[in-house]
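Here chain A shows up in two complexes: once beside chain B, once beside chain C.
Take a look at the complex of A and B:
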């Protein structure tokens, strides 16, 4: 058999070179897109945390202003009392308050913890990721607060 | 031989096109993400900084009778008082001409609202007192979104 060596053409070599360059570039592009997605998520988380701090601070100020009275705090904040010791305030994805009992994307939970001489409470903000099958809650903020005086 | 060369050139051309399109797409994705992040940071900081500034000033003037709600400029206002060398001065936080403004002057001194120092863009400020000692601030941002902050004046509660 006469084995004839095939001589690569210049355009063929160029195509292989280009293929490698596109491969490397695609890899870099995939990494960049991943970083873009992460930055988007981080930016949204940061905005949510900012908003959570503002809303939680308002709820805490209301709680202090009424001397730790949960019913009056619920009236001021538009929240709903569950049991005797827990207040829920629900918000949608854009941080608009929802009617009491509605399933929101964010919840502020204020749980009373009576102590001697003052009313303490734990205040937390949860974010909910809802799918058709399940709901996952993540606590994004947690504070211990206290109302020193009892309103008359 | 000529046919092989033509196919190679075509493949090279196609790959160059793929390269160019991918480059454009990743640039467009990057620009889109940057724009959204910048908008979000801008929107978040504008409303939060304004309300945090007013709330922080209210807490720093937290003495009996030294902070109150009222009207000035284009609507609601917060009046903060302080005594310097026997004279009472007032700091007024209000919205006028599309800006949240701050003005320091002697109490009851009649001053035009336009002379206040601008702090940040805002459309309106509403101040109410739902229960004694609790001031509810509703700030309407330049884009029309409203943000609420409740501030408890501890010395008045």
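Take a look at the complex of A and C:
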């Protein structure tokens, strides 16, 4: 039996190198794309947190300016009062205010808690992830705020 | 390039360059996003600290209006004006002064954030004196 060794040709080696290069590149690209996606999610969360702080601060200052009056706070902020003690302000994904009763991506909730000599309230910002089956809410911010009575 | 084949190693070199570029940009993007997230959290924490101190100051003002005086806060009276400070986080404080009035809500005279940490002014500036 004639055992002649087959010599690798130049084009064969090039093809093997190309295959390995494409494989390694694909693997590294997949990892890097994962990092890019993670960065995008982190940036979006940071932007949402910054905007939540700004909007919550605005609502808190309105509440303090009117001495804890929920109706006046609703007028100033464009929110909707539910019951006698809760104010909702809804926002869409881009933090534009929504009309009363609309289901938004973000909500600011101000719940009154009358105290002796002043008006306290808990202020929270929730983010909603809505799917066809369910809606999950996450609290981004939670502050306890208070307003002194304002001279009329 | 020779007939029937490629330049040996050129593909690997291009691939290594592309992968390095991708990796560097991915790490830089992630580092920037991480710093942004930390800054956003710091801003949120600082706002939460401020409103916590603000709530405490409102409690104190309401107690003073009712004639009481909180035990854990030093209140300085100047006529009918009561001054006190409430710490905000580590190196800031809410400096407040309220005028206590009988039969009505107290009047806010001062309500400001002050820096309470150590501060060393720069006293030496290396300026060329012309010689």
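The rule is simple: the second predicted complex is superposed on the first by the 142 of 152 C-alpha atoms of A that agree within 3 Å, B and C clash if a C-alpha of one lies under 4 Å from a C-alpha of the other, contacts with A are read in each partner's own complex, and residues count from 1 in each chain.
We adopt the following convention: contacts are C-beta pairs under 8 Å (C-beta built on N, C-alpha and C of every residue); 3 or more make two chains touch, one makes a residue touch a chain.
Owing to the predicted nature of the structure, the values given are computational and were not obtained by experimental measurement.
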item	value
Overlay on chain A: chain C relative to chain B, clash or fit	fit
Touching partner for A:58 - first (chain B), second (chain C), both, neither	first
Vertex chain A, arms to chain B and chain C (CA centres, degrees, nearest 10)	50
Partner chain in contact with A:116 - chain B first, chain C second, else both or neither	second
Touching partner for A:45 - first (chain B), second (chain C), both, neither	second
A:78 touches, of chain B and chain C: first, second, both or neither?	neither
Partner chain in contact with A:144 - chain B first, chain C second, else both or neither	second
Partner chain in contact with A:32 - chain B first, chain C second, else both or neither	both
Touched partner set for A:24, first chain B, second chain C, both or neither	second
Contacts of A:9 with chain B and chain C, given as first, second, both or neither	both
If touched residues of chain A are counted for chain B and for chain C, the larger one	C
Smallest separation of CA atoms, chain C relative to chain B, angstrom	5
Contact residues common to both interfaces of chain A (with chain B and with chain C)	9, 11, 14, 18, 21-22, 25, 29, 32, 36, 39-40, 43, 46-47, 50, 57, 64, 67, 149, 151
Residue numbers on chain B that touch chain A, as the complex places them	1, 4-5, 8-9, 11-12, 15-16, 18-19, 22-23, 25-26, 29-30, 33, 36-37, 40-41, 43-44, 48, 51-52, 55, 130-131, 133-134, 147-152, 154, 157
For the chain C and chain A complex, residues of the former touching the latter	2, 4-6, 8-9, 11-12, 14-15, 18-19, 22-23, 25-27, 29-30, 32-34, 36-37, 39-41, 43-44, 47-48, 51-52, 54-55, 58-59, 61-63, 65-66, 104-108
Contact footprint of chain C on chain A as seen in their complex	9-11, 13-14, 17-18, 20-22, 24-25, 28-29, 31-32, 35-36, 38-40, 42-43, 45-47, 49-50, 52-53, 56-57, 60, 64, 67, 115-118, 120, 141, 143-151
Residues of chain A touching chain B in the complex	9, 11-12, 14-15, 18-19, 21-22, 25-26, 29, 32-33, 36-37, 39-40, 43-44, 46-47, 50-51, 54, 57-59, 61-62, 64-67, 72, 76, 149, 151
